[in-house]
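Take a look at the structures listed below.
What follows is subunit A paired twice: with subunit B in the first complex and subunit C in the second.
Moving on to the complex of A and B:
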């Protein structure tokens, strides 16, 4: 690591013993970044910021929340009505969850389109998928905490997935519940996990960044950085670009917080949990809908759960399924089409996930589920037979060409 | 940059020199605005852990005094703290009123501390380190001045709840209170 030089003796004293300033300089300021990153590269830092917002709002909510089945619902209502700015904290947190998933889904699709998961960034991708899995677990348990009807029955349905496991399934679900149904012990432990997992998630994010900073960012051309002419320092170029993106994002986020705080929620969750009555129409939160559709598409309990699990596990092996040497979809005519169909298909799955699982919907769900897996499974063949386009020579050259074209206009 | 021609590079340098104060202005104003924004965003978080509305709604306590005989005392809970209410005897009142202010560590007349001489209302927390003094029940130690005695470090309070002896620095505080009628009070 290159050490910073400054006339400030206090900074130097600290830096010689604990090089935080040198480290920050190297990783945040002079950190070399491809000069051609577009706005799709904003979503990583954006996800980090949303995570920070979620942790801070969560800590302050936890100061007033009561993880007990008898009072959890009232304690959330108390936060909204009586706690100073409690309504704001709650809306920031509940809508923040949706924002987090939007940002992370875009981040993942970015990786998928631009082949960010390919060598030498396979572990970076896999660590990212782990973050995603932790996010899903955390979000699920967080949704249980307000202890409304959707919380309760969501918890019941999702934990019952374990019963699909042969022989030991029944025991596992009782173990998870700490009782014979979702009840007081369940909400207590879910609260603990909901508080703990984000801390673990945060550490995994640090590993994600660590892995990122070894091989540095990929770029929209998908070609390797060849010289310093291909790079610019992270600060001020990308700090300012990230902040600009953050400003736009905040407008959207705050729109929901202030003007449509219940947009992503289900009205049924304002009915206190009742173990005797299931709401007529149960849907998970929107970010789980595609996987929910896959679950219901399979006409077999174990099969459905297995398919849903596989839908996520397959993401871990994606770097080895995609055999193409070319990273970016722009230069891969067949993959590009498959990718966009995949995107549309995910949205379709999400839409199907909130429809009843019957008739045409069921058939569509099955076709959609089939495509979800086909997309991944034919990647080895696509990589082998696809005729890719000519890759540009260098990032620098390509940026200069664009610049000249603009000047000529 | 390697590819910029001579004219372009001199142009850039001149621009840089000219734009330096402008850059400083932009940097400082952006940072200021950013910090102001962060500060404003931090306020709801800081303020959220203040007493909530339901806590404030419970912050006054109404007490019926009619059942308290002369010489008796009761302890009521107000804002999570014990409040001593003593129905003082004539002797209590006389001894509290007759004290010379120069003897007191925290000089206050008895008149300043009560609304009606018969009733002393004080927060029952020793001003030394927060123990609850004894002297509420008939058999309790009341200290050398007939008021209260703190068992933790031996502070003596008189019949007006004033500190007379021991380590405590201040009198037992009198909470804000008002008589709603002859025999009931509202504390807080």
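Moving on to the complex of A and C:
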């Protein structure tokens, strides 16, 4: 590590013993970054900021929330009504969850399009998928906490999936519930997990960043960095670009927080949980809908659960399924088309996830599910037979070329 | 190039949001007419409550609805937020008896409700409510407009949606009434409001439509008492963010122009940065 030099003796004294300033300088300020990152590269830092907002608002909500089946619903309303700015905390947290998923989904699609998962960043990608899995678990348990009808019945439907596991399934689900149905012990332990998992998630994010800073960011051209001419320091170039992106994001986020706080929610979740009344449609939160559609597309319960699990597990092996030497879809005509169909297909699956699983919807779900897996499974062949386009020579030249073209206008 | 990419990025984000919107519509009630759309004073980003209307709505709730429907999460003191003065609210509260205790002998007792009490529920528990209402349970009204798709429009529709006779060919079960806007059309509650159901203290004409609007607005307030504070703060926050983001964009363009001015590299940029600092220190004037 290059040590900082400064005339401030206190800083130097600290830095010689604990080089936090040198470390920050190396990883935040002079950290070399490709010159040509576009706005799709904003979403990583954005996700980190949303995580911080979620943790901070979550801590303050936990100070006022009661994880007991009898009073959980009322305690959430009490936060909204009687805690100073409790409504703001709650809206930031509940809408923050949706924002987190929007940002992370875009971040993941970015990785998929630009081949960010390829060597030498396979572990970076896998750690990222782990973050995503932790996020889903955390979000699911957080949604149970207000103890409305959707909380209760969502928890019942999802935890019941464990019973599909042969032999031990029944035992697992009783163990998860802490009883013989979703009840007071369930909400208490879910609250504990909902507080614990984000801490683990945060640590995994640190590992994600660690892995990132070894090989540094990939870039929209997908070619290796060749000289220092390809690079710029992270600060001020990407700090200001990230700040600008953050500003745009906050405008969208705050619009929902202040003017449409229940936009992403289900009205049914404002009805207190009632084990005796099943809501007409049990729908998970929007960010689970594609997987919910996959689950229901398979006629067999175990098969459905397995397919849903595979849909996520397959992301872990993606770096080895994609055999192409070229990273970015821009230079891969076939992959590029497959990718965009994949994006549309995911949105279609999400739409199907909140439709009843019957008739045409069911057939569409099955076709969509099939494409989800086909996309990954034909990647080895695509990598082998695809005729890729000519890659640019260097980042530096591409940036210069682009700039000259702009000047000539 | 950059703005266009930003447009694509935001289009992508909005399509994800749209997916959320679709899921919000998923609980479309089975078998009911499309709701009437009212222009509410609290709609939109500048919306605020019409306090005289809320007071009229409170009167409708207290005189009609409250005989069956509780409002458990609202306190009598909250009524001061909609423009009632303290004495009036005390008077309203004193008409109800709240359970208190145990006293020195260990007995629970009833006393006049105070400002600090929650609205007294008409029934002690769900079973008592069911037994008094032929087996059906009148839901609590604290968050009712948030708990029904359509919100205040739904309550309004429900109030004006009763038909004397079910349409031909529609089989009504025993003890139910036909309502255009109730999911499945069969509702246990008989039409609670009608013309002149309540005599308004402010002299507003007591039509069914007026009653329905007023009580819907009141329940919207009961469900979101923070609405005005929320929207007012929201406007300030968004304006602040718009200005801040515009400045950040200007700064971003300026900082990035250095890359295009010369072909800076990681190393040479740092040298340039030091030069910048020295120039400022030595007060060297440079053309912009």
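In this section, the second predicted complex is superposed on the first by the 409 of 409 C-alpha atoms of A that agree within 3 Å, B and C clash if a C-alpha of one lies under 4 Å from a C-alpha of the other, contacts with A are read in each partner's own complex, and residues count from 1 in each chain.
In this text, a residue touches a chain if its C-beta (ideal position, glycine included) is under 8 Å from a C-beta of that chain, and two chains touch if they have at least 3 such contacts.
Here the structure is a predicted model, which is why all the values come from computation and not from measurement.
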Partner chain(s) touched by A:81 [first = subunit B, second = subunit C, both, neither]: both
Touching partner for A:56 - first (subunit B), second (subunit C), both, neither: first
First, second, both or neither for A:398, with subunit B first and subunit C second: neither
A:259 touches, of subunit B and subunit C: first, second, both or neither? second
Which superposed partner A:64 touches (first subunit B, second subunit C, both, neither): first
Which of subunit B and subunit C A:229 touches, first, second, both or neither: both
Touched partner set for A:281, first subunit B, second subunit C, both or neither: second
Greater residue coverage of subunit A in the superposed arrangement, subunit B or subunit C: C
Footprint overlap on subunit A, comparing subunit B with subunit C: 78, 81, 88, 229, 400
Sites on subunit B touched by subunit A in the complex: 1-3, 44-45, 47-50, 52-55
Residue ranges of subunit C touching subunit A (in the complex, touch as defined): 1-2, 5-6, 9-10, 12-13, 15-17, 19-24, 26-27, 29-30, 45, 72-73, 139, 142-143, 146-149, 183, 223, 225-226, 229-231, 233-235, 237-238, 241-242, 244-245, 248-249, 251-252, 255-256, 259-260, 263-267, 269-270
Contacting residues of subunit A [partner subunit B, same complex]: 56-57, 60, 63-64, 78, 81-86, 88-89, 229, 400
Touching residues on subunit A, where the partner in the complex is subunit C: 30, 32, 35, 38-40, 74, 77-78, 80-81, 87-88, 91, 98, 102, 105-106, 109, 227-233, 236-237, 240-241, 243-244, 247-248, 250-252, 254-255, 257-259, 261-268, 270-271, 279-281, 283, 285-286, 289, 347, 350-351, 353-355, 396, 399-400, 402-403, 406
